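Each of the next two complexes has subunit A plus one more chain, namely subunit B in the first and subunit C in the second.
Presenting the complex of A and B:
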C-alpha cells in the first residue's frame, strides 16, 4: 500500500507536465484542426534556449521567461510558415508537414547544441520531503512543477472564460463561420491559439527537462504520452487534456513502479488503443466527428 | 515510363515480370562490378525501397499517414534474427533451416501484425491514425526490453549473416551454439559486453546447463530491490567479506561476486537509460561509429549505424568483407525486385483502383460495393508485409537487431523518403530511397571539403530532410516524380497549344 502511494506521488509532477503538453496539443487542435506533432520539437528547442540563457545568466526564472517567449514566437512562426499555407490543401499534408518541422527542429537543435544528452539541473532541491520518519518521493521541485502548472492552467481558464479574447477564441474553435459573422477575427484567434500553445509547450519542456535529460529526441516519448492524454480527453477539451494528462502520468508511474519504466510507452499505446476502440470521440468531447 | 507500360495493360503481368527481371538483372550486374562500399549502399537503398513500396501503397494509394512501418520493420527483423539463430529445422516440416524460411516467417509476422494494426487503423482517420502509429513506432521496439533472454533487451542481438551454403559466415569458425549463447547472455551488460560472454561461455561448458543463466536473469528483474536492501545492511556485507576472503582465489567466489555486481548495474542503469537514450546506446554498441553526435536527431542515424558493421569487419580481411557486402546487396536486390513485382501487380490491378477509390471518396466507394474498412486493412497488411521483409533484410545488412536500430527516426525517414520521392509512384519510392542513402554521403563529402564540425555534418541531412518535406508538401505534393510529371505535362500542353 505504501508502495502504491509512493508511485502515485512520484507520478504527480510528470502527470502535470504531460497535462501541459496535452493542453498545447488541444489548443492547436481547437484553433486549426491540426495535431501539431512538431509541438514536442518546439518545446525541446525552447528548452535548449532556456538552457543557454540559464548558463549565461544563472537564472532559472529568466530562462523560463525567455523560453516562454521563444515558444510563443516559434508557435506563430510554424503557423504562418507551414500550417497556414498547407491547411488549404489536405489533412495528410498538414500531418506530414508537422513531422517535417519536427525532424528539422530536432536536427537543428543537434546542429546547434550537439546531440548528446545534457543535464538540466532543477532550480531547487529535487530530493523527496522527509515526513513522519520516512522520505516521500515528492520533492520541492515536484511542488514547484505542480504550482507552476496549476497557475498556468488557472490563468488559461480565466482567459478563456472571463475575457473577450477568450470568448472569441472559444467561438472560433466552436464554429468559425458563425464567429466570423459575429465580428470575431478568426484568423487572429488561430494565431493566438498557436502562440499560447507554443508558450504552454515551452513551459512543459523547461519543467520536464530536470526529470529526464535534454537531448534533441529525449522528449519524443512525451509526445506519445501527451497525444494519448489529449485524445482520451477528447482532443478539443481543455479540461479533458488536463485531467487525463495527470491521469496518464499516474498510470504510467504506477506501471513503471510495479513493473519497469520501459513498459511506459506500451502502457500509453494500450491506453490509446483501448480509447480509440471503445470511446473514440474521447471522454470530454462535444463532437462526434471521427467516423471513417 | 508509366504511360508506356499502361498501353500494354492486357499483358500487365508479363510486362511487370519483365520489368522486375530487367531491373533485377541490371542491379545484379551492377553489384558484381562495383566495390564493396557501393554494394553496401546498394543494399541499403534496396532495403529502403522495399519498405517504401509499402509506404507508397499506404500513404499514396490508400491515403493513410502511418509512422508504424519502422516498428513493422523491427518485427520482421527480430523474427528473422530469432528464427535464424534458434531454429535448426523448420517446425512441422522438419527440413533443415535456412535464411529463406526466416524471411518467410518475417513476412508472416508482418502480415499478422499489419492485420492487427490495420483493424484498429481502419476505424481512424488522419491525425488519430498518425498519433496511434507514432505510439506504435515508439512502443513496439521497447517490447524487446521485456524479453531480454529471447530478444536481447536493450543490447539487441548480433547475428551472423546467413550464407547460401546453408551455414553461417563466421570469421573465427565458432559453432552456432556458442554465438547464440553469448548473445543471449550479453543481455543488459553494457559496459562489459565484450568480456562477459567468454567467461560465461566457460561457465556454461563446465556446468553444461543453459537454463541456469536465464534463471539468473529472471531473478534479477523481480527481486533486485530487496537484494539491494539486504546487501546494504551491515551483516550481509561482513558475510560477503568473509566468503571472499576464504575463496579469494577459487572460481566460484569470483563468479558469484561478478554475477551480483552485474545484476546491480543492470537494474539501476537500464531502468533509467532505457527510456531516454536509445541512440546513445546504439552509438556505444557500434564501436566503430564514424560519427556520434548525429545519431540522435531524426532519421539519419540509421545510416550512421549502418556503416558500422562494414567498419567493424574491416580487420577481418578484405576478402570476407567483399563477399558479405555483395551477398547482402544481392539479397536486398532480390527481395526489392520481388516486392516491387508484387506491388506493381497489386497497384495496376483491381486492388489499386479499390485503394484509390476509397482514398478519394469512401462513401462513393462503399456505395459501389467496396468495403472502405477492408480496403484500408488490406493496404495495411500489404505495406506491413513489405516493411517486415525490409526489416529482415535490414537485420542482415546490419548483422544486428536491437531497439536502437528501429527508432522513431527510421519510421520518420521512411515517411521522408516517400514524400520527397513522390508518394503516388513506386519510382518515387526508389528515388526517395536513393535520396535517403545519398544525401548523408553527399553532406559528408561537403563537410570534408569545408571542414564542418561533426555535429553539423551529422545532422545537416536531417535538417535538409525536414525542410524539404515541408517544402514538398507546400509546393509539390507529388514529390519529385509528381513535380517532373507536372512539368512534362505543362510542356506538352504548351507545345500543343503553341
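Presenting the complex of A and C:
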C-alpha cells in the first residue's frame, strides 16, 4: 500500500507536465485541425535556449521566461513557414510535415548544442520531503512543477472563458464561418493558437528537463504520453487534456513502479488502442464521433 | 444603400447567379423568393463575402465592397444570418451574442446587448445557459441577435423560416420588419416560403435558376397567379 502511494506521488509532477504538452497539442488541433508532432521538438529546442540563458546568467527564472518567448515565436514561425503553405495543398500533408519539422529541429539542436545529453539541474531541492520519519517521493521541485502548471492552466482558463480574445478563439475553433461573419479575424486566432501552444510547450520542456536529461531526442517519449492523453481527452477539449495528462502520468508511474519504466510506452499505446476501440470520439469531446 | 450590379457567381462550370442587379433600400424589407437551387443562398453568401463573384459589383453606401472578406464586410455594416440557425451550441447564449461586433466599443456593445435582450426577452432569461438548450425558434432569435450585435445598417436573412413553426416564423419576421421601420435598417430576406416573406416585404424579387425573372411591389408579386405556379410552386 505504501508502495502504491509512493508511486502515485512520484507520478504527479510528470503527469502535470504531460498535461501541459497535451494542452499544447489540443490548442493547435483546435485552431488548425493539425496534430503537431513537432510540438515536442519545439519544446526541446526552447529548453536548449533556456539552458544557454541559464549558463550565461545563472537565473533559472529568466531562462524560463526567455524559453516561453522563444516558444511563442517558434510556434508562429512553424505555422507560417511550414503549416500554412502545406495545408493549402493538403491537410494530412500538414500533419506529416510536422514530423519533418520535428526531425529538422532535432538535427538543428544537435548541430548547435551537440548530441550528448546535458544536465539541466532543478533550481531548487529535488530530494523528497521528510515527514513522519520517512522520505516521500515528492520534492520541493515537484511542488514547484505542480504550482507552475496550476498557475498556467488557471491563467489559460481565465483567458479562454473571461476575455474577448478567448471567446474569439473558442468560436473560431467551433465554427470558423460564424466567427468570421461576426467580425472575428479567424486567421489571427489560428496564429495565436500556435503561439500559445508554443509557449505552453516551452514551459513543459523547461519543467521536464531536470526529471530526465536534455538531448535532442530525450523528450520524444513525452510526445507519446501527451498524444495519448490528448486523444483520450477528445483532442479538442482543454479540460480533457489536463485531466488525462495527469491521469496518464499517474498510470505510467504505477506501471514503472510495479514493473519497469520501459513498459510505460506500451501501456500508453494500449490505452490509446482501447480508447479508439471503445470511445473513439474521446471522453470530453464536443463532437459525436470521429472516424478512425 | 446596398446596391448589386450585374452580379455573376459560378461554382466551377455551374453558374449559380447570372447578371443579378437589385437594390436594398433602408427602412424596409426586400424579399428574394424562389425555389430550391434558385441561387438565393449564393446571393447572400456572396454579399457577405463568403463567395467570390465572377463579375459584377456590390456597392454599399456608394463604396465598392465586391470580393471583400466576411470579417471586413461585417465591420462596414452588413450582417448575414446564414441558413440553418448559425449559433454555436458549445457557447452560452450570451457568449454567442458577445461574439458579434468585438471591434466595437464597450459602450456600443452594451447598448446593443440591452436592445437585443429587450427585442428577444427569452434570450435574456437564458443568457447563461448553453445555446444547445434553446428551441429552434429561440436559436433563430439568437442568430439574429448576434447579427444585431455587430451594429448593422443592412441585415441579410437567409431562409429564417427553415424548420420553424409558421406562427414563430410570422412573429420573427414581423419583428424584423418593425425593426426596419423603426431604425432604418435595410433588410434583405431570402425565403423559399414566399407567402410569408411577401407579407412582411415591401418589394419582392423572384429568382429562378440564378436569374431575376420578376421584381416589383411585394403585394403584386403575391397576387400574380402565373408567377406563383411557374416559379414558386404553390
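Simple rule for what comes next: the second predicted complex is superposed on the first by the 290 of 292 C-alpha atoms of A that agree within 3 Å, B and C clash if a C-alpha of one lies under 4 Å from a C-alpha of the other, contacts with A are read in each partner's own complex, and residues count from 1 in each chain.
We adopt the following convention: a contact is a pair of C-beta atoms (placed from the backbone, for glycine too) under 8 Å apart; a residue touches a chain by one contact, two chains touch by 3 or more.
Here the structure is a predicted model, which is why all the values come from computation and not from measurement.
*Asks:* Does subunit B (first) or subunit C (second) touch A:5, or do both, or does neither?
*Replies:* In the superposed model, A:5 contacts neither subunit B nor subunit C.
*Asks:* Which partner chains sit in contact with A:183 here, subunit B, subunit C, both or neither? Use first/second/both/neither.
*Replies:* Only subunit C is touched by A:183; subunit B is not.
*Asks:* By residue count, is subunit A touched more by subunit B or by subunit C?
*Replies:* Of subunit B and subunit C, B contacts more residues of subunit A.
*Asks:* After lining up the shared chain so the two structures overlap, which partner does A:124 touch, if you call subunit B first and subunit C second: first, second, both or neither?
*Replies:* neither
*Asks:* May I ask you to decide whether A:158 touches subunit B, subunit C, both, or neither, giving the answer as first, second, both or neither?
*Replies:* In the superposition, A:158 contacts neither subunit B nor subunit C.
*Asks:* Going by the contact rule set out at the top, does A:135 touch subunit B (first), subunit C (second), both, or neither?
*Replies:* neither
*Asks:* Quick one: classify A:105 as touching subunit B (first), subunit C (second), both or neither.
*Replies:* first
*Asks:* For A:150, select first, second, both or neither according to whether it touches subunit B, subunit C, the two together, or no partner.
*Replies:* So A:150 meets neither subunit B nor subunit C here.
*Asks:* Is there a shared patch on subunit A that both subunit B and subunit C touch, and which residues make it up?
*Replies:* Shared contact residues on subunit A (touching subunit B in one complex, subunit C in the other): none at all.
*Asks:* Enumerate the contact residues on subunit A facing subunit B in the complex.
*Replies:* Within the complex, subunit A contacts subunit B at residues 29, 34-35, 37, 81-82, 85-86, 89-97, 99-111, 114-117, 212-213, 215-218, 220-221, 223-224, 227-228, 231, 260-266, 268-269, 272-273, 276-277, 280, 290, 292.
*Asks:* Using the touch definition from the top, list the residues of subunit B that touch subunit A in their complex.
*Replies:* 59, 63-65, 67, 120, 122-128, 130-132, 134-136, 138-139, 142-143, 145-146, 221, 270-272, 274-277, 279-280, 292-300, 362, 372-373, 376, 407-409, 412, 415-416, 419, 455-456, 458-463, 465-470, 473-474, 477
*Asks:* Mind listing the subunit C positions that touch subunit A in their complex?
*Replies:* Counting only subunit C, the residues touching subunit A are 48, 50, 69-71, 74-75, 79-80, 82, 86-88, 90-91, 95, 98-103, 146-147, 149-150.
*Asks:* Which of the residues in subunit A end up touching subunit C in this complex?
*Replies:* Residue positions touching the partner: 164, 167-168, 170-171, 174-175, 177-186, 286.
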